[in-house]
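Next come the structures, one after another.
Two complexes are shown next, each including subunit A; its partner changes from subunit B in the first to subunit C in the second.
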Partner chain A sequence: MSEVILSVQNLNIKFNLRGRVLHAIRGIDLDIYKGESIAIVGESGSGKSVFTKSFMGLLDGNGFISSGSILYDGRDLSKITRAKDWQKIRGGEIAMIMQDPMTSLNPLKTIGDQIAEAIQIHQPEFKGEALKQKIIGYLTDVGITEPERRAKQYPHEFSGGMRQRVVIAIALACNPKILICDEPTTALDVTIQAQIIDLLKDLKKKYALTIVFITHDLGVVANIADRVAVMYAGQIIELGMANEIFYDPRHPYTWALLSSLPQLGEKGVSLYTIHGTPPNLFKAVVGDAFAPRNPRALKIDFIKEPPCFEVSPTHWAKTWLLDPRAPQVEPPEVIKYIRELGVKNDAAN
Partner chain B sequence: MAKYLTKRIGRSLITLVLIICVVFILMRMMPIEGYFQNFEKLSDEQIQSGLREMGMLDPLPVQLVHFFQNMFKGDFGVSHKYRVNVAVTEILRDKIPVSIKLGSLSILVSLVLGIPLGTMMARFKGKWFDKFGTLFIVFIEAVPAVVYHLLIQMYGTKWLNIPMLFDGADWRCWILPVFSMSLGNIAYYGMWLRRYMVDEANKDYVRLARAKGVSENKVMFRHIFRNAFVPMVQYLPSSFLNTVIGSIYVESLYSVPGMGGLLVNCVKGSDNTMVQAIVLLYATVGVIGLLLGDVLMTVLDPRISLGGKEGGR
Partner chain C sequence: MMQPTEEREVLLDVKDLHVTFGKGKKAFEAVKGVDFQVFKGETFGIVGESGSGKTTIGRAIMRIHPTSGGEILYKGERINGKISRQLDRKVIQEIQMIFQDPMASLNERAKVDYIVSEGLVNIKKGLSRKERQDKVMQALSDVGLLPEFASRFPHEFSGGQRQRIGIARALIMEPELIIADEPISALDVSIRAQVLNLLADLQKEKGITYIFIAHDLSVMRYFTDRIAVVHLGKIVELGNTEEIITNARHPYTKALISAIPMPDPEHEKNKVLTVYDPSQHDYDVDPPSWHEIVPGHFVLCNDREAEIW
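Right, the complex of A and B next:
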């Protein structure tokens, strides 16, 4: 975990919507290290998907990068405009797994053909029998039994979990260095979710992948992620190692997010919910975007945007609470409880 | 598949028999003038003896059995009004090939022009090509066909220096009728193909294909087009049928000796035997068209299994 594979610097993404401009990503800095798995969490509309789609030039037609850069392998992806250049990045360097396996396969092509299509683009050296073997190899790797027979079948002959495995096989067949998993388990039931997560962990090792995981399921995050980035209103507001985020969260939004975990709820007590709605990104956000929903907000939160305060070399948060001049604010009870758990864990190790 | 086909063909045959029976019975309710060339001048005895001769005084079921017996021999009776005492089959034999040739050529032209039109409009959605195409489609759909058919005839014959009178042996004479008949279908195919392709383009598998690094043209043709074409294919045989039958105006405009208008003329003239035969012909083509449409769809879409446990569609 030393070499930076992809470096995002002060990235801003805007969308033109009916004559108005929506500022979807508001200045993100993030280094992704080779071989790590980083999870990006946040509620719907926080910009998780848009952020990662920009790595592959897959923003919708009305979206554009207004400033900033995405450095990968010595080039700035944000400057690519030609479709031809993107085709080399897409799949071959960065591949993506999408949310709904039921709709992400072409219904009229056999899955063997769909995997072959990826191999032919990114690994054209495999032809004929070698290509066939390669397809069977990928299907075996993602845990599909009888790969030879299954390769000739159409997507509708597969169950949801099996289709997600096929989608993963297609992504692998592109031979990527970075794999973006955009909520890959959201559409699956719980037992299948666990299998897919385990599969991704195995494949990450085997293919030396860097995985970017987008999810709002913190259970999944705890299971797979080395690092966690918490997003809110188009910004990363807290970033740290997974255990730092889970046991020592610092941003009030992360507190709120963790407090709403049903697993931490007490019997007889209503589950915690975050009041209000995310800010309207058509308007300029003043101060801390989360302040209006934050019962512990300081006055300055409404006036000035907080900078990033370092908690540890690997952990920072964007909140005025970490400023030395800030008053001591008590985190919610649940957070104190999990902090204690963390201390105990450390002691045990 | 074979099992489904036999079942399906069997059902089609039953449909045809029912259509024949209904048409036959309806024809018996028509005024008897239609069986005689000079009805007004005939005496009652002459009419009665004429009807007896034709077997019209037999009970209805007997007549129906006779009709079926003759039909299998290829005998549909003789025309009484359109061309007196000429066998119906002989009249149709000359006309059917002309109409089918005209219809086939026009469908071919419609596909060759309509499919690229729809595809390009979807590919460049919102760009000038799309706008131009939409203008064309709206014009064709909104303006009564008579208007542009006439314009094409007036200016087309002049510019291309084509004789006004149709001559089947001269290939130049086919150009304008075929083109006129195609315009509607070109607009129709273009409109629907564009619509289905735009629908497909927003689906997840297209996004995945793009994320794989597939080039935009290949995404368009390998993924979007094939999926968009499935719903279109079902209607191709029926639209072929409509083109063959529905060319009344174009055929009469260019005086093409085809079947266009034949049915209407025969119904108007109460030429009952002719009506019977023509309706039977159209019904057969229609039933075959629907059958072909379904079979074509199965060939293109693996999700549709005909027969089998699910019982097909």
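Right, the complex of A and C next:
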């Protein structure tokens, strides 16, 4: 995990909405390493989808990159304007799996044809019998039984979990280097969700993929993520290895996200909730964007934006609490129990 | 066959419930003989995957789906099939439902005031306009919304606020039983906590009984007192929530438990996912029946399995 595959530098994205400007991404720096799986976690509206869509030129028409760069394979993706240039990146270099498998497949074509389409564009060397074998190979890899028969079926003949597997097969057929998974399990049952995450882990090894996993649920990513980036109001506010984020989180927002998980709740005791709403990004944000919702906010949080404080070489957080002059603030009790809870659950199973 | 373990008031008694869709050759039995009792004031969870029939059970109790067999007794009175008009009204008022998707379950063209009070208009006809408005205000404040929201349209609200409107709509009828069908699955994690807390507070204040339908056992563990695990239209395990989670016997329940995502990387990396394979049973030879393993903890299995599990 040393080679940087994609490097985002001081990225700013804005949207024009009814004559006003919404500052959706407010200066993100992030290096994504080859072969890792990184999770991007945040509430609705935190900008996590917009951020990753910019890697593929999929921003809505009124959105634009106002400054910064996205370096991939020696070129700056933020400077690409022509659709033709994007075609070389989309699918073949970076592919995406969307949230809802019900709407991301074409209902009028067999799934075999839909996979073939991707192979014909991105791996044109496969033709005839080789193409057929390739389709069956991908279907087998994503865990679909009887691939020959299933390839001739239409999406409506598949269950939700199976459809998501087909969507993954189509993404793989593009032969990408980076796979962006935008909430791939949110619309699925918990049991299917666990299976899809296991599948993604296997495929990552087999196809040497780099995975960017987007979700609002910190509970889901402990399994798949090597690193976790927590986003709030268009910024990454904490970044670290999965163990660092779950066992030693430093930002009050990460604390809040973790303590609101029902998995950690004690029966009969109210869950922790984050009061208020995320800031209005039509207006300039002063200080720490989370301060108005943070019961532990310091005075300076309302005045000056905190810099990134390093916790370890792989872990930093954007909060004044890490400043040497800040008062000692203990994380909520429940955070300390996460590790113990894991041990307890092992024993129970 | 399932007796209450302690002397508690039974609010709802479901006996050998069958629900069939379609007729003749195409008939599909979604619920195949389900028995359970819901005690007054408790939170009873129904957990299962998509297609298990958990929603159908809830809807059958609501009288949305006709039943094809069995009985549903509410306070001792039969409420499925043909019932008197008077009882129908009573049931509509006392049993309310909260739906999964707050984006789809509110009338986009009506104001919050109307959405919340619509039930009153139909059931409590004698109310004056003032009384009705007071009730709407009370319901809105109960769910933590401001009174001025009454004159707004649903699209002006966030997902969490919409779900609160859905809850207010149920509350205004002063129900005794609320069936909540996946009320938090469509919401963000931080909003989920708010809605769960709200439901818990309302239960404490008003003594409402909940039937909580979900696919996620982690939420169930936090929120419910007892759960029934449903698989393909049958309850395979039923009992006290904590007992079921720490001492699950049926392999399907174990598979559901193994799938709970934990916010703990070390635990998750060593996790072994159990997948339920129905072919492991030899029910052709030896059909399953209810076994009470520990008082109040029932499992659907045959005698051989009862020994092994």
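To be clear about the criterion, the second predicted complex is superposed on the first by the 335 of 349 C-alpha atoms of A that agree within 3 Å, B and C clash if a C-alpha of one lies under 4 Å from a C-alpha of the other, contacts with A are read in each partner's own complex, and residues count from 1 in each chain.
In this text, a residue touches a chain if its C-beta (ideal position, glycine included) is under 8 Å from a C-beta of that chain, and two chains touch if they have at least 3 such contacts.
Small disclaimer: the values here were computed from a predicted structure and weren't measured.
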Combined model on subunit A where subunit B meets subunit C, clash or fit: fit
First (subunit B), second (subunit C), both or neither touched by A:K88: first
Partner chain(s) touched by A:I300 [first = subunit B, second = subunit C, both, neither]: neither
First (subunit B), second (subunit C), both or neither touched by A:H156: first
Superposed arrangement, angle subtended at the Cα centre of subunit A by subunit B and subunit C, nearest 10 degrees: 70
More subunit A residues in contact - subunit B or subunit C: C
Which superposed partner A:C174 touches (first subunit B, second subunit C, both, neither): first
Touched partner set for A:L105, first subunit B, second subunit C, both or neither: first
Least Cα gap, in Å, left between subunit B and subunit C after the two complexes are fitted on chain A: 6
Doubly contacted residues of subunit A, that is, touched by subunit B and again by subunit C: none
Residues of subunit C defined as touching subunit A within the complex: 49-51, 158-159, 188-190, 192-194, 196-197, 200-201, 215-219, 221-223, 242, 245-246, 255-271, 273, 275
Footprint of subunit B on subunit A - complex, ascending: 56, 58, 83-84, 86-92, 95-96, 98, 100, 103-109, 117-118, 121-122, 154, 156, 167, 170, 174
Contact footprint of subunit A on subunit B as seen in their complex: 203-205, 207-216, 222-223, 226-227, 230, 300-303
Residue ranges of subunit A touching subunit C (in the complex, touch as defined): 43-44, 159-160, 189-195, 198, 216-220, 222-223, 225, 242-243, 246-247, 256-258, 260-268, 270-274, 277, 338-339, 341-343, 345-346, 348-349
